[in-house]
Amino acid sequence: MNPISLYLRLVRIAIKARMQYRADFVTGILGVIVMNVVNISLIGILVSRFADLNGWTIWEVVFLYSLWILGHSLFSLFMWHIRTLEDYLVQGTFDQFLLRPASAFVLFIGREVQYLGIADFAIGVSGMVLAYSNLRLTWGPVEWGFLVLAILAGTLIEMTLTLMISSIAFWTGRSRRANSLVMQVNVMVQYYPVDIFGAFFRVLVTSVIPVAFMNYYPALMLLGKVEHIGAWWPLAYASPVVALMMVGLAAGVWQLALRQYSSAGG
Amino acid sequence: MIHVEHLTKDYRRVKRREGLFGNLRTLFSAEYEPLRAVNDLSFDIAEGELVGYIGPNGAGKSTSIKMLCGILVPSSGRIEVNGLVPHKNRMANALQIGAVFGQKTQLWWDVPVIESLRLFRDIYKVPEPVYRQNLEMFNDLLGLHEFRDAPVRQLSLGQRMRADMAAALIHNPHLLFLDEPMIGVDVVVKERLRTFIQQVNRERKVTVILTTHDMVDIEKVCSRIMIIDHGQIVYDGDLERIRERYGTTRTLVIEFEESVPDFDAPHARLVKSEGRRKWFAFNRLETSPSALIAHISARYPVADLAVEEPDIEEIVRTVYRGGGPQEAAR
Amino acid sequence: MKLFWSFTRQAFHNTVVYRVEFWIRLVSILLAMYSIRAVWQTLYTQRPDAFGLTLGQMVTYGVLGMALHAFIDTGSEWYIATQVRTGAIDTDLLKPIDFHVHMLARNLGEMLFGMGVMALPTYAIGYFVFGLQLPPDAGAAGLFALSVLLGFLVQFHLGFLLGSVAFATLDIRSIAWAYFAVISFFSGQMVPLWMFPDGLRAVAEILPLQAVYYIPMSIYIGTYSGTAAWSALGFQALWALILAGVARLAWHQVHRRLTVQGG
């Protein structure tokens, strides 16, 4: 079986498995919606009270938030369980991925799906629509195309980051806290335009944990705010490239991690 | 079929420091100590053998099986499985082996068993006729049809084990590694699994390594046993020979016609006394049962008697303790 | 009391073994403090008059909210939900201690452990790096400590309640997220209640959630003092009691159902 059709097969099984827990579906979706509405309101209170946040109006902030969550929704639909890698290691269930004549990565990544991503997606789309009309944007095909690319790049960036951080568990046995830490940085970027932070943080989310490419930089391009970053304007277009670089990096880390696993035994 | 030479595996463990101060120091640095799980293991297994691989918990059985599967890389030593080095050709090796780890299932927890089997069919590229034929065999011998449409989470332990067994054999592997497949399974299912393992071994020429704590499995199924302790082989051979070497102790059980005081007979030792019954242990190399019986019946009237052979469990216990043939007799 | 110390010690052991986690946790608190300070500074620079407080007070409020969150939230809901889902709750119920007391000891132990190890470095960094100010006087500091403890009790019992309803559903993750979001919103953890629009503010003032962050932090920065502080403490204590009662009742129900249905 080639990796892609194997992946699709696995996803089909994972969906079937998920469907066994329909009771969780409604509460889950509602939970995610409540969470996001509350979060947006919180920022809304701040920004509306102060008119704007460092030059970002309330709807531009909603746009940032929505762009982030659209990329995130694909991640949370199909790849959320990467974060639980440490459980696979602790419980010894990771062995099964190495027991088959197929890529351990594909077997792992296709193991679970989560429906919560559906709610994320719905929120992302609604937020985007609201922001688009309130900001009176008029995009051409280039912008729409770039939007799609940026969303996919966002998914890949979050996935590769999570994979690399979770792989820490191959060495230390634990990665949950490290993951929440990165998630924390990630959420800061989701809520607030990166330019309110100091230089250190901006460098951090641009290079080391490049989550600013999930929403901030592509939003500059899509909202016509590229002049915000002056000479750094190429970054506004760089999300897809960054995503590809991250994929390469994560592939390397994963190989190292597998080697570590088979020599240390998880 | 399997060639293992000076195989060693070290795990790394974080060294625990004692006390509050030690704990605080752990914040800044951790020390590791190696733990030798498998220690200079060498053996060969020929095609079609059915080997019982036994040893106490922590002996290194699972670790060595994982190395044979290519999941773990040896710290040193050599492994060849049917001409392949497992950790170097993990996927090629995966095609020729099947494995059951009794502690955890390899099937999808929430979908019907048959879904998992179909997926394995596709992953291993099993031709449709072969797949059907195998399913039929699993229906006959394992009763797979009784629970193939239920999700694994609803199966009893016995059913789950049978399902896992089917999954391990769906692709007609040359080798089958069974790591405690009988764990928590009732007697009826055990019997069924034993028959199944034997049949697969005999008719399909599948080489089997079976780890178990149940000596009945070994006695009924295996042609050879390997006993491992502290990562080292302490016995490798057939059952008969182990009986000969370690099992020279016999027990003579005598029921007297009336209660008699405790006494020792020449070359025999009283080990138990209960009502009118007494148990004498002796080494059959030192004295014969008839001599012993003659000696005893000359002193007290005997109502009934029996000579008991040691069961394999007792023998293995002796071997675990590191006792040689001499000690076994005492 | 002995039980409680044994949990504290155990929490200490469990956590310190994973040294990486200690550092990560510290960094995590720092990041949270950093981000909230950046937000308030930006807003303050835009409109210095909109707060009614000094920038120092505002930043102290925000930074403190993040630091407290790291300690107060011990995640009792996860523990209960996981135990119920995996059936491990049976072993908890077999123990000869009241489950509610057991959980309280466990979580209080964890909170105090967290503070014991992390509070000093956190506070020092907050003070020297992020402009965290000292409380106005020693009295306020004492009331603050008391208020944090009461806030912990309120938040613990809410978590306990959430965990208790978790047995009805397998996956409490998204419910928990919503719950966290609602808490951090209405408790004033990030944004003080008086900045809310009037309608929301009225809601926030009725809810017990302000007991978790808003009250302790208002005492700390000095907006609650004297009788206002004491009556706020009374509010906290009242809610802690009410919630403890409700939590016990809810648990009683759960327990009955667990023993009747066999989990």
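Order as written gives the chain letters A, B and C; numbering starts at 1 within each chain.
Rule of thumb we're sticking to: a contact is a pair of C-beta atoms (placed from the backbone, for glycine too) under 8 Å apart; a residue touches a chain by one contact, two chains touch by 3 or more.
No experiment lies behind these values; they were computed from the predicted model shown.
Undergrad: Of all the chains shown, whose C-alpha centre falls nearest the centre of every protein C-alpha atom combined?
TA: Answer by centroid distance: A.
Undergrad: Looking at A-B and A-C, which one has the bigger number of contacting C-beta pairs?
TA: A-C
Undergrad: Farthest chain from chain A, going by the mean of C-alpha atoms per chain?
TA: Centroid comparison gives B as the farthest chain from chain A.
Undergrad: Which integer distance in Å separates the CA centroid of chain B from that of chain C?
TA: Taking the average C-alpha coordinate of chain B and of chain C, the gap between them is 52 Å.
Undergrad: In whole angstrom, what separates the CA-based centres of chain A and chain B?
TA: Taking the average C-alpha coordinate of chain A and of chain B, the gap between them is 47 Å.
Undergrad: List the centre-to-centre spacing of chain A and chain C in whole Å, with centres computed as mean CA coordinates.
TA: That gives a centre separation of 27 Å.
Undergrad: Could you pull out the residues of chain A that touch at least 2 other chains?
TA: 21
Undergrad: Which residues of chain C touch chain A in their complex?
TA: 18, 20-21, 24-25, 27-28, 31-32, 34-35, 38-39, 42-43, 46-47, 50, 169-171, 173-178, 180-182, 184-185, 190-191, 195-197, 200
Undergrad: Which residues of chain B touch chain A once you look at their complex with the stated criterion?
TA: So the residues of chain B touching chain A come out as 9, 11-12, 63, 66, 69-73, 75, 87, 90-92, 94-95, 99, 101, 103-104, 106, 108-111, 115-116, 119-120, 122-125, 151.
Undergrad: Flag every residue of chain A that touches chain B in the complex, lowest number first.
TA: Going by the criterion above, the answer is residues 1, 6, 9-10, 13, 16-18, 20-21, 91-93, 95-96, 98-102, 259, 262-265.
Undergrad: How about chain A: which of its residues touch chain C in the complex?
TA: Listed in rising order, the residues are 21, 23-24, 27-36, 38-39, 41-42, 45-46, 49-54, 116, 119, 168, 172-174, 177-178, 180-181, 184-185, 188, 192, 196-198, 201.
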